[in-house]
Amino acid sequence: MDLTTFIGIVVGLVLIIFGIGLDSIGNFWSLQSILIVVGGTFAALIASYPARILKQLPKQFKILLKNPYNPLEFIDQLHDLAIIARKSGLLALEERANAMQDPFFREGLMLIVDSTTPQQVSDILDNTLEHIEERHSEIIEFYEKGAGYAPSFGMVGTLIGLVNMLMSMDLDEGADGLSVSMGIALITTFYGTVLANLFFIPIAKKLRVRSDEEILCRKIIIEGILAIQAGENPNFLKEKLITFLPQYEKGMGKKKKGKDEPPEE
Amino acid sequence: MDLTTFIGIVVGLVLIIFGIGLDSIGNFWSLQSILIVVGGTFAALIASYPARILKQLPKQFKILLKNPYNPLEFIDQLHDLAIIARKSGLLALEERANAMQDPFFREGLMLIVDSTTPQQVSDILDNTLEHIEERHSEIIEFYEKGAGYAPSFGMVGTLIGLVNMLMSMDLDEGADGLSVSMGIALITTFYGTVLANLFFIPIAKKLRVRSDEEILCRKIIIEGILAIQAGENPNFLKEKLITFLPQYEKGMGKKKKGKDEPPEE
Amino acid sequence: MDLTTFIGIVVGLVLIIFGIGLDSIGNFWSLQSILIVVGGTFAALIASYPARILKQLPKQFKILLKNPYNPLEFIDQLHDLAIIARKSGLLALEERANAMQDPFFREGLMLIVDSTTPQQVSDILDNTLEHIEERHSEIIEFYEKGAGYAPSFGMVGTLIGLVNMLMSMDLDEGADGLSVSMGIALITTFYGTVLANLFFIPIAKKLRVRSDEEILCRKIIIEGILAIQAGENPNFLKEKLITFLPQYEKGMGKKKKGKDEPPEE
Amino acid sequence: MDLTTFIGIVVGLVLIIFGIGLDSIGNFWSLQSILIVVGGTFAALIASYPARILKQLPKQFKILLKNPYNPLEFIDQLHDLAIIARKSGLLALEERANAMQDPFFREGLMLIVDSTTPQQVSDILDNTLEHIEERHSEIIEFYEKGAGYAPSFGMVGTLIGLVNMLMSMDLDEGADGLSVSMGIALITTFYGTVLANLFFIPIAKKLRVRSDEEILCRKIIIEGILAIQAGENPNFLKEKLITFLPQYEKGMGKKKKGKDEPPEE
Amino acid sequence: MDLTTFIGIVVGLVLIIFGIGLDSIGNFWSLQSILIVVGGTFAALIASYPARILKQLPKQFKILLKNPYNPLEFIDQLHDLAIIARKSGLLALEERANAMQDPFFREGLMLIVDSTTPQQVSDILDNTLEHIEERHSEIIEFYEKGAGYAPSFGMVGTLIGLVNMLMSMDLDEGADGLSVSMGIALITTFYGTVLANLFFIPIAKKLRVRSDEEILCRKIIIEGILAIQAGENPNFLKEKLITFLPQYEKGMGKKKKGKDEPPEE
């Protein structure tokens, strides 16, 4: 799993367990509560989405496992390809395209190898990129919806517990029994809040950051492929693509004065 | 009903009933509470919308029953029509148009059969599509409004129960009676929360997904019809339309390397 | 009053009264609570808006009483006017314009009678339409603001009741007196929630729907007047304007196959 | 102070005092609570903004005192200036410009007196208008932030009161002392809610309405000055500028038929 | 640290401590509560962001320490540079560029010294500015996320406290022990609310204001550099750039009439 997401969730859980106290941890175990909160949240999510989107979820979790997209690597590859194209023509890129891991990059290269017009290359790649963005948003929204459902089903569970307690209350068992029932009822609200704030919201946000990184790489690839097709100078191409990076400014600082910390950061 | 919506709602209800406990299920039955929450929510929805929109609701539920739009099917049809148009001219499409199930598709074909100018075809179909989108949004917003009203009327019911309990409280009936009254009061909040989170919100979201699918198919049809009118190559047309699909990237991966799992998904 | 708004509010109130129980209805009457919630909400609304907007409110309520705008009627009128203009020239429209009930329509016709250039006609009518939209939004937002203030003043009232009860509590009057005071305190929250959810929110939404209908009619009138000035064919004009209507698709279905239920609806 | 804001706040406070009851008003006085809620809210606001924006606040309150911008007055002035410019040339406007109270108007006139090109006049005035809008939004957002902080610090105060009460509770002082402490704790929530709903939210909204009015006048001035520079007919100029006004439609109704109440309002 | 943020937070804390009362301050110290609220919030934030963004946070705090960007200073520098460029040509700017503190400004000047075309200068600087804005927004959103997590983890802590209290409640220790446990439970909600409203929200807002100021300076630099490249008149350049400033209007008032308080502010 993605490192900071893993660390964050583990640290959060450890702190919560520490807050509960190890000897009281049993107070917070309730299969019934888990079924209502976790089960109810996923039931509502299943009801919200078609099978087509639900099936993509396991694959999405793998994204968290993967190393993030590295835009610098793509820029270096584009720089190399620009040199090859300059030396041996666009057709020489076919071999490299076939060896390409990334299907978007490969497709883009094949388009210029196949002598598609620049306008068509740009149209097809932009169109594809737009649909990648839409699909990402759909997945991210899934977790955001979950963040909304979880506390609601926490409250549903608490209400179930309270109503059952109040309506079948036997005063003979005394206030002790009452307080235990109320404690059990509150556990579901606890589950719902933790589920939303330590899982759904952070994962949704992390996926959004990862998606932004991927989109950035895709934009660099599109820009680079069009520049290769136009026969641009490989070094100028590289410099232009570097302006896409957040690190660019830092680079500017270093290039000129070797300052370690650019003031405008 | 749409399969995942049906499954999600049933699973959700089963989990809630399991959480309540079969022997306590009677605690949660209260006609009065249902009338306040469900009735109040629908009364507020009726007050919010004109008859024109309210009448469309039953038909909208049928949408959930229907199979979803399949963009690949439309692309195949457009491919066939492009071949016919190439061979026998645009007029040859009239027979196919008349056999067309989908009225939007049929209208679009009739426009090019009737030699309407490309600009007019595009204007009329875009205009129609815009109004389809607006109508969809109106319906989806209906469920979103319901998701807002339901917990509010749940709270209204709980407040009614609490005020009645507190103001006519007879201490002679003891704490037992008090706790039962409070239990009954909380049931309406329970109803409101479940109604919003297991019905209104998931249905609104599912309708939004379905609407997006329909809009995508309509965009493919418009693009395809304009390409047929322009006499574009049927195979190129098909390839271009496929870039509209979320599955496109996967297709790219397979076409080139037969990879089962495209990394950029 | 607008029919569904009237029905919805009455049904909602009846259900709430039924929920309260006829013999307990007296528990919910408190002039002081009404003054805090309704009075406080309107005081906050008065503080939020200048007199200019507050004065328009009674007139806005009349809008709810009026029959809604009927776009088909306007299309028929524009069709007739296009025929007259074709036969007898634009000047022949002056008499019809003077008999026109709708000032926007009349103004638009007078502009083309006065030989204003198409660009100026379009500019003036678009400008007017934009300001109509802004004024509508201002009024709708008034009710949305009210929906926000009402529960807040409900809470203010409940807090007043609770603080007074707690601070001047005389334990000698026993728990009976305490519970009655608490009941009274909760009534204001009840009022605030009902006021927001059965009045302000539904009325704001209904006004938005009515506003959208009026804007649609205004757009049809602008399009139609410009087409009449350009001397377009009356039948083509009518067909073009019908594409503005939500019912258009249904019309397409009927025109071609007499299907009762167009699948794409 | 602006009349309706003053009336609304006074009426709201009177209703709240009436709800409290004059003899209980002492229950709601607590310097400590005021310091936490009002002080905490302003401390958070001070922490949120730089001194540059905080310094502008007193001046902003004066805006509420001023009479609102009257667009009709500006239209009349522009009409007069257009007549002068037609008769005696643009240079004749210099004297009038110097006598102008409004600096934006004066600057605009000086630009055309100085023979700046229409493009430059338009650029400079649009740029200035954009920055006026940004500054207004910054100020309005200040009050909106305040509306968010106030209830939060109300809750902070209530939590302080509750924790202190619960942790130092001396059961010997009996339930009477307990209830008084709880009452005091709730006062801060009361303060926070009133502060947000009777001050911050209404003032933010009123400032937004005033800002919209000023922006409208500025747009009329820009349009008018450019028309004067272009030598447009003063009467046509006036008619065009009147279409900017919300009252325009009413004017249309009157101009043609003397109807007292235009149906489309 | 930024002055008003420092003052606001200190004043807020002093008021809260005053509200608590110095002798009760011990009631609010609980390491466990701090760990759950502060630790949980940061754990969730760590889970939400990749290491790349988390690493930038300390540097961002330094921004609060720095003096804000002063647009007037940049305008003066651009005015000087324009004079130099006019006198001695664009190449004469190289020395000044190398002495420039601000890397963005330096990079911009080097671009025109290197005879890059105006279009490329504009493209590169706009691209860089866009990425600066995106990075700023990412950082600001970090604090906004924190403002959302803090009250949620406050509630998690309170629920832990309540459940533990209710389930292990020993009635023999009496109501005194119960009330102390409940007090401890509420402390976490107190921490969460203060953390959000006195730290995260004000800092997020202050960073937004600072970001807007920096963006404004960057826009002035871009505009100025392009004008210098185009050989514009230094005085006209200065006047044009001043229209970017919020103080512009005040300046207008002074220039013409020496009025201390421009009415349109």
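First chain written, first letter: the chains are A, B, C, D and E, and each begins at residue 1.
The criterion applied here is as follows: a residue touches a chain if its C-beta (ideal position, glycine included) is under 8 Å from a C-beta of that chain, and two chains touch if they have at least 3 such contacts.
The UniProt protein names, listed by chain, are A, B, C, D, E = Chemotaxis protein PomA.
What you see is a predicted model; the values in this text were computed from it and never measured.
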| item | value |
| --- | --- |
| Chains touching both subunit B (Chemotaxis protein PomA) and subunit C (Chemotaxis protein PomA) | none |
| Angular offset of subunit A (Chemotaxis protein PomA) relative to subunit D (Chemotaxis protein PomA) [C-alpha, multiple of 5 degrees] | 145 |
| Centre distance in Å when subunit A (Chemotaxis protein PomA) and subunit E (Chemotaxis protein PomA) are each reduced to the mean of their C-alpha atoms | 25 |
| Euclidean distance of C-alpha centroids - subunit A (Chemotaxis protein PomA) vs subunit C (Chemotaxis protein PomA), Å | 41 |
| Contacts with 2+ other chains: residues of subunit B (Chemotaxis protein PomA) | none |
| Topology of the chain contact graph, where touching chains are joined (line, ring, star, complete, other) | ring |
| Partner subunit C (Chemotaxis protein PomA), residues of subunit B (Chemotaxis protein PomA) touching it in the complex | 32-33, 35-36, 39-40, 43-51, 53-54, 59, 66, 98, 101-104, 106-107, 110, 124, 127-128, 131-132, 134-135, 138, 145, 148-149, 152-153, 155-157, 159-160, 162-169, 171, 214 |
| Subunit A (Chemotaxis protein PomA) to subunit E (Chemotaxis protein PomA) touching residues, read off their complex | 2-9, 11-12, 15-16, 18-21, 24, 27-28, 68, 174-176, 179-180, 182-184, 186-187, 189-190, 193-194, 196-198, 201-203, 205-206, 209-210, 240, 243-246, 248-249, 252-253, 256-257, 259, 261-265 |
